[in-house]
Amino acid sequence: MKTTTINYLIYVLIFLAVSVPILVPLGLPLVVSKPTRDVYEAIQSLPANSVVVLDVTYDPINEVEQWPMTLALMEHLFTRPVKIVLVSLVHVGGVVYTLRALNIVDKHGKVYGQDYVYLGYFAGVEAAMSAFVSDMHTLAKTDFYGTPIDQIPMMKNIRTGKDINLFITLTTAYTSSYIGLIQAPFKMPMAIATVSVSIPEVRAYYNAGQVVGFLNGIRGAAEYEKLINRPYWGLGLMDAISVTHVILIGFVVLGNIQYFYNRRKSGGK
Amino acid sequence: MAMIKEVGVLAIAAFIAIAVIVSIYLVKRGTLKMEIRRIAALDAIDMAIGRATEMGRPVHFTHGTAGGLYAGLAQGEAGAQIVAAMGVLSYVSELCAKFNVQLICTICHAETMPLYTDTIQLGFLKGGRPQLWNSDIVRFISPYQFAFTAGAMATISREKPAANFLVGPLYAESLLLAEVGYNVGAIQISGSAYTHQLPFLVAACDYTLIGEELYAAGVYLSKNPVLLGSIGAQDLTKILVMIFIGAASVLLTMGVNVIKIMGG
Amino acid sequence: MSLTPDIVIAGLLTVGIFTFLWRDNRVFRAIEHLYIGVTAAQALVIGVGNVNRLAVNPILTGNIIYIISFIAGAMIYFNFSKRYSYLARYPVALLVGVMAGLTIRGQTAGIIYGQSAATAQLTLIAKDLLTSANNIITVTGVIAALSYFIFARKAAGHVKYLSAYGKYVIMSALGSAFGAAVLVRNALLGGRMLFLLQTDFIYLLPIIMVLFAIWVLYDKRRAQKQQ
Amino acid sequence: MVWYRRELPLTITFVLGILISSDYFLVFAPLQKTAVTFNDFATIVATFALGLGAASLTLMHSKKIIDRSGEWYHSVLLVASLLSVVAVGLIFGVPSDAFQFQFKNIYSPLEATVFSLLAFYLLTTAYRALRIRTVETTVFLVSALAVVMMNAPVTEFLWGGFTNIGSWVLNVPNTAGQRGILIGAAIGAVALAIRTILGRETGYLGGK
């Protein structure tokens, strides 16, 4: 077959593979991987009044992968009897997504200032990280909406990294800084929900026990949506992704068959 | 007052600097003779431009978009790759002038325009046709990554180059440009030090400069025996790093943590 | 949601870019030119703001030295001049100088030292067999991959087998990164398709696809006629 | 060549290179301040260059419009969109609705769409390149497939071991190869930087 013909065939198949499952969900099976389940269990097993930090910090370019995770994690946290501290430590883009998510999720009667708080964005990347765990009150004089932090009831007993029971970050890169500056000094349970590209690195921390669990890109988002039983983008795209992976494997096999066929025809050269 | 910190790191940097200077000096004096192995991707440049000559089609060159909006030339990793890419462009433009082949460069970093002007003019002069230079060779497209990519894709598909050079700090545009280049039937020579783009370049291009090969390209192509000395300095550093890694992990296995002793 | 101008514009542009997969055509080229114009302007507008913040403000508050940056910045325009184009080398010299400084310190500290130290922290005999094997492969793999980059002909000859092993390690690394990319890239396309199919743009989609198809075919015929 | 054409720019590069690199190793306040200032200068110069870029675009396309050469009407679109967005941005400012409209509805969807073309090209490249041609390409193919098998949600139903194999490839050979490339490239980059400040690199004023 000519290259252009094959290319067109691939393009059409991918278009179909991605768009058909969006219109008609196929409901292909999805196994929840252990790291994802570990994140879920970590949240599920928190005793009442534990403090959870959810760090929402990514740019629009990673929206597809990290926005569904944000929503799923927030949905889950609001069903639990815990105190939630929201913050954005690296990318200012996180502000947009935090506010958008807060608008959408069901808060289950939680009250702002008593059960959850949003501290906003802090510039300085690594400087901000270490300042955040050494003293939140010094770093954030006020919350995102300008209320002095000392007047927020729930923040009275939340000051340093010692007071945090679980730290979940939705970072894109900088995973090593999170481990070095936030997790390691306090031996704090940490979960990382990040883009697939960063997963090889995160897996090493998971194996070393520095991270309790992680979400792997869009796949992790889909698995989490399945766990909390609230389908959204993640599950919607999962069928599409399953099919495109299968198409890829199929075409690689086809390419090799064609290659060997041609080689035999041309006399083993 | 002034105080020195990070002594270990300083020692490495100083070692490389001194090694480069000393080896260049030794080669100049004739004490050291450097011969280096072939780098296939660089040897293929002659063939690629020869093909463009035969087919009467242009040559396309781009260095990618990393740090396009944020002074990419002044950034550590991206800027170094741009300067390394200029070493390749210098040779490419020389050959283009020699064989009277049209050269097209698409760029994303506006601040590199003077660098391109200099490099190409000098290359044309060396190739014996300085009059080939005109303002249509260097085409600034856009400082934004994907606007640049769309423009460069369109340029490649319209001008149908016979040789496509994707050398330098390429980001996600690497595969888009390489695939369009393949579709117009160009011979593709690429190079990058970014490990996140090398997979695509290796898969989609005919020849790829991997990591350090890119940084050595300028020296290799200049065929300047004196500069080859500095490649020797790089080799020496690498061998020492290899020995260090091996020795340190063997010592660690025996219970001596070298990294900890050094204060890392 | 309904068919607002936002959605129509964004949808038209999205479908227009996809036509490039079929073939290069005038719909794509029009969008490409629009895209380039808009982004170049955007960069300029944001740039003016940055110059104000970084250069004009310090000068106005008495930090006269920032005038140098103004002069250097203006000198880059001599690129257009035939006679004085060498003046554009000065701002480039500044940028390259900063680059060289950052490279020397950043690459040594972060990569040469950081990555070798991380590798040297692996013990060859660990608590279980699998970890030991993994560590041995990693340590020898890094050493072998480095040996692949030895350029001196004589030395390269001495490490022929080691560097062959290194080459395989490198290819395996690149291959696995290639495989991992499939997931992300498809998620990106999924994001675009969600936009096209889950907003009200879906009602316009068939009409636009037909219109664009006619256009591309017309373009193709015209191009053939010209040849 | 005359000194102000080559030697003076090279001196600037040399001095700045030494200054910025030593700032990391020396704790000395005035040095730090100077280094930060020059970093700012670099950003400012690069920003000025954006104007050079816009000017060169406008010139190139204006010429096309005046000569009516090729598809000049596309050039009209480019120049018109460039000038109008500059006007909107400078008159109404970046936070204004008009400026944000083009950002949200022209720039953002275009960026995401061009990026998403990768999904198609990745597959056509895979079809062409992932072949058992030599030992090297076979290693590439096997590693790629191992990770694809791990990431594809359906494969887990066939055999649970795909996850283990995929993560092993990512953790062990991938780490080793990446580190090898990174360390080698870093050594090359430092040597290149040193050649550059010495005026010895072909790519930068060194080609005499």
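Labels A, B, C and D are assigned to the chains in the order they are written; within every chain, residues are numbered from 1.
Quick note on the criterion: contacts are C-beta pairs under 8 Å (C-beta built on N, C-alpha and C of every residue); 3 or more make two chains touch, one makes a residue touch a chain.
Keep in mind that what you see is a predicted model, and the values were worked out from it rather than measured.
**Q** Tell me which of B-C and A-C has more C-beta pairs in contact.
**A** B-C
**Q** Relative to chain C, which chain has the most distant C-alpha mean position?
**A** Result for the farthest chain: A.
**Q** Quick one: chain B and chain C, Cα centre-to-centre, how many Å?
**A** 15
**Q** So how far apart, in whole Å, are chain A and chain D when each is placed at the average of its C-alpha atoms?
**A** The computed centroid separation for chain A versus chain D comes out at 25 Å.
**Q** If you average the CA atoms of chain C and of chain D, how far apart do the two points sit, in angstrom?
**A** Taking the average C-alpha coordinate of chain C and of chain D, the gap between them is 4 Å.
**Q** Please output the residue numbers of chain D that touch at least 2 other chains, ranges allowed.
**A** Each of 21, 24-25, 39, 42-43, 45-47, 49-53, 56-57, 107-108, 110-112, 114-115, 117-120, 122, 124, 126, 128, 130, 140-141, 145, 148, 151, 170-171, 174-175, 178, 181-185, 187-190, 192-194, 196, 204-205 in chain D touches at least two other chains.
**Q** Among the residues of chain A, which ones contact at least 2 other chains?
**A** In chain A, 3, 7, 11, 14, 18, 196-197, 199-200, 219, 241, 244-245, 248 touch at least two other chains.
**Q** Give me the residue numbers in chain C that touch at least two other chains, ranges are fine.
**A** Each of 17, 20-21, 29, 31-32, 35-36, 38-40, 42-43, 76, 79, 89, 91-92, 94-96, 98-100, 102-105, 107-109, 112, 116, 119, 139, 142-143, 146, 149, 170-171, 173-175, 177-178, 180-183, 186, 188-189, 191 in chain C touches at least two other chains.
**Q** Which part of chain C faces chain D closely enough to touch in the complex?
**A** Within the complex, chain C contacts chain D at residues 5-6, 9-11, 13-14, 17-18, 20-21, 26, 29-51, 54-55, 65-66, 68-70, 72-74, 76-77, 79-80, 86, 89-105, 107-112, 115-116, 118-119, 134, 137-146, 148-149, 166-183, 185-186, 188-189, 191-192, 195.
**Q** Okay, in this complex, where on chain C does chain B touch?
**A** Against chain B, chain C makes touches at 17, 20, 24, 28-29, 31-32, 35-36, 38-40, 42-43, 76, 79, 85, 88-89, 91-92, 94-96, 98-100, 102-109, 112-113, 116-117, 119-125, 135, 139, 142-143, 146-147, 149-156, 170-171, 173-175, 177-178, 181.
**Q** Within their complex, state which residues of chain D touch chain B.
**A** Contact set of chain D toward chain B: 21, 24-28, 31, 39, 42-43, 45-47, 49-53, 56-57, 60, 107, 110-111, 114-115, 117-118, 121-122, 124-126, 128-130, 140, 178, 181-185, 187-196, 198, 200-205, 207.
**Q** Chain D touches which residues of chain A in the complex?
**A** My answer: residues 3, 6-7, 10-11, 14, 18, 28-31, 33, 60-61, 196, 199-200, 203-204, 207, 219, 222, 238, 241-242, 244-249, 251-252, 254-256, 259.
**Q** Once bound in the complex, which stretches of chain D touch chain C?
**A** 4-6, 8-10, 12-21, 23-25, 35, 37-57, 71, 74-75, 77-86, 89-90, 94, 99, 101-110, 112-120, 122, 126, 135-137, 139-148, 151, 166, 168-190, 192-194, 196-197, 204-205
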